[in-house]
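Letters A, B, C and D name the chains as they come in the text, with residue numbers starting at 1 for each one.
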């Protein structure tokens, strides 16, 4: 039986597929270890609103396969203030809650960091589709989001091949091109534009014209939102070559939805359980991650202040194979 | 053995899922009846370019499940001219081709109509996702397109529920709201905006605010492109109520893609076979359709000059059930 | 406002996809018409157990897309007896329930028929994947089940083509070959074995050997369970030709699962609403169906005593096109 | 430009999803490096039949998303003999082929090992859904196969919950329980039976009865074929408790099919490229794998003689979380 008696869990920031699987793992792992577990509705806002309730085994039944988060999420300006943070810590203490698992992205991690300084033991779980968190190879939801993008590109490919047209697909990723890269390689996209690599649309246009001349029936350009707007890319390509008449698709929020892949469910399950076990061991102010297959803890401070690495090798491979 | 000896088939206009299944049915039904069958690449443009080739049983093997059209499609300005049409008829006659099956939408039907006046027996098959062709209850591709939209809305619902947000989804349908209607009813959308029914966004905003107050966690507005731009709808809703912060998704060309549903494959198979059998019977200048489960022929002229009916009863049902 | 004040709904027999959509339509349509609506858990068994509860708009929120039935289903021997039926009618009367909507298959309809004779107004909705109910062109769940089968056959085709092998796929349908027929046509199966059409496996074996010789890379035999066991078919084919080494797949209960297609959701929604409106109009002892696009009522007696018709034309088309 | 001038590629053994993506990577990487590349149809049998042909960029166009293998596969008894192996090596030499990439499982690797001893440089790529190859964390196809199983279990869960029934799902894995483990964890299966862990069905039956009593509406038992037949498991469970009436589903060959996941496509792409680059560097008789995110080479001998490790920690996690 653990020395820790009560912990809570919340989801915060943009939702991602697999958050429910992580939640299930946190709840069941806590109960398995004899710890009382509380859910906080609507993230930090719910915390400040005392929207806290006890959870049991059945609270997380039949949710492993659902997108979104049953605990919901919300933005909370008040929690950015020191006063808000103090209030949050106090509310948790009133419940006797000693540990908090926060599932979310960078912003959510910073809240956990603040709470830990106010005496609440915290654990961060990387719940975001962008894969833009450092010290973890994968974030929860990334694999599913890539799947949604690849599925959409497959659909576009059908119709683009029928008309011998180019297609610009704008995907999520403000600072991180991982969705574009992984989906681009997997779907055989000819061009992948990411914030991490400078590009020249004149060259892109030239290669496209060349490829069509060589018999390619379609040309797919995947662009991370951080590297440019789909519409702008298409019009600039048209300026470079009158032959290029690219259709633009902005995938938007459907990338956050859908049933999580087994990969994401299992990643979420392992990380959720790991977070609870880490709290039991007395850890705090840490981000849980998976690096080269191993579960690891890293100081939240370090995680939010380190830029995620981009896989240049995979990027070059994608270009090499999409000739 | 049929008196008709040689027929050809082409796909034209925007592609739709199930065109390949229709093509397979045309080819195999022709061969079954002892008729030589030719494929024309890239629609009417390919016809004018003599891009015509003989097809056999294996030419359409393993395509029933594929989106797009292996014969490809293209726009062709030249074919709008009388000269182009004469040239097309002559080319067909040079091959000894007496009948032509055209798979496509309204514009494609008009081409078939012109050719029939120049002595080529023609049959139109309704290949378009919009369901905007009269004298057929369903067009080939419509059921699949509705499925793509409903799948996307399911994904949006996950994430919208997590944030208690509204979502505006713009779908295809310039003059016909059928995709919006069928997808809206199937996904439990609260609001469906179509070109056929006038609407008042003030009322919509009021109902949305009311529903959120009553505990609904999401609100989905499906809008056919012919009824308004998604972005415009969202900003006008925000003007009406400051509480409404709707995310916009424009589904675009992914609606044309994906493996056709069994419904579309079977519809395409039945219609393709019916077109060939009708040509054998000496019919010409007809559109093939399915009305109340029965295969029917209608004069192309009548089809292109009659507006498709909108199902008001289903529309009202959708609103009644999405409270 | 309706003269009917209270109605109830139950699901019975094997579940099917779209039952939840039907349930949602019944509940919301009733509430829209100012009628109190009760749910009965676990079919007729739940009725006898007084497992009855009041439902509101939110009771059926977020279920339109879910497989199975939130009301659950169960077999109930007691309800086969006159005593059980009387007890059921009495329990309903104790609640003041004047009308009952039963969603299920033939057996469930018979229960409704008995109750109607005991003074309860009843409506049957065709909820079964087999499409084996007469006086309706489609049952709720059939379109989805066909989709599950076609998806599985697509997967088998990948691997069978890679090994140039034959595949026997056993699907549901004890007395009705509709799943086999529609899935067989849609997936280009070379052979479709159904209870309605006698067959000769010697001929099948001959055609398969011929087709492989002609360059076909796979051969798919879809068999409805009522026409034979997959394993038996495979071994008899092997007896007829030593070249045929067919793999057997029994799809089983996965055919009942999965998110309902838009077609099934919309069919269920229309039928559910129709059932409620029919009860309001004072109808009883009727099965709701859709025939040639029109909603129709038929005496339950007539429905359970009429054999469903098989579409021989479609059957022959499937064979003609799968050469 | 590489010293190696000509290489060939074949797929062998049971096919797996992602083989086509691997093939595409091998072909395009070879061409990128200025190497002539040959495809061998139908595995080692095709090699002995001289079924060898030159491939170019377009040979592998539009295949990245397809299940199965366009090069097909076949068993070949002749190649088990020394004479067959010599003949194979000679044929390759006649073409001037110096290196061979073999995509397949253990048996396929052994063939590559033999050829390397006869002077052909060989590389093995782990193409099998079972994840039963040592010195690689993942085989190509495994992630997709797990997805197929999880999708099927989701469908079963719908219907099992509706009837409060147990479900036994037999999945692939003769010596390796990885599919059962990963799919079991991802789908929240209560029981996972694998060849690596002894089990007691009496205990399983007891836990199931307990869980139903505690309000669980379904119970899913995933069993790897190497740990027992689904039917046997179900009848033994029924012997232990008369309350347990489990339905059995044998997923069979559909596990090999379907479009590969992005994960499998990217794994295949990286490994395919790595195999070519390794041949260029003069390596031979090696299996390519991915261990903790890094691409690694291991002697084929060592790979085929080492048993794959089972992840006991993940196994225990799955049980812990499925209460």
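Everything below uses one rule, namely that a residue touches a chain if its C-beta (ideal position, glycine included) is under 8 Å from a C-beta of that chain, and two chains touch if they have at least 3 such contacts.
Just so we're clear, the structure is a prediction, and the values are computed from it rather than from any experiment.
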item	value
Neighbouring chains shared between subunit A and subunit D, ordered by label	none
Distance from subunit D to subunit B - Cα centre to Cα centre, in angstrom	40
Distance from the mean Cα position of subunit B to that of subunit A, given in whole angstrom	36
Per-residue overlap in subunit D, given as positions that touch at least 2 other chains	154, 157, 161
Category of the chain touch graph - line, ring, star, complete, other	ring
Interfacial residue positions of subunit D with respect to subunit C in the complex	11, 14-15, 17, 19, 66-69, 72-74, 148, 152, 154-164, 167, 217, 247-250, 252-254, 256-258
Residues of subunit D defined as touching subunit A within the complex	24-25, 28-29, 31-32, 57-58, 61-62, 64-65, 137, 143, 146-147, 150, 154, 157, 161, 182-183, 185-188, 214-216, 259, 261-263, 265-266, 269-270, 273, 292-294, 314, 317-318, 320-321, 323
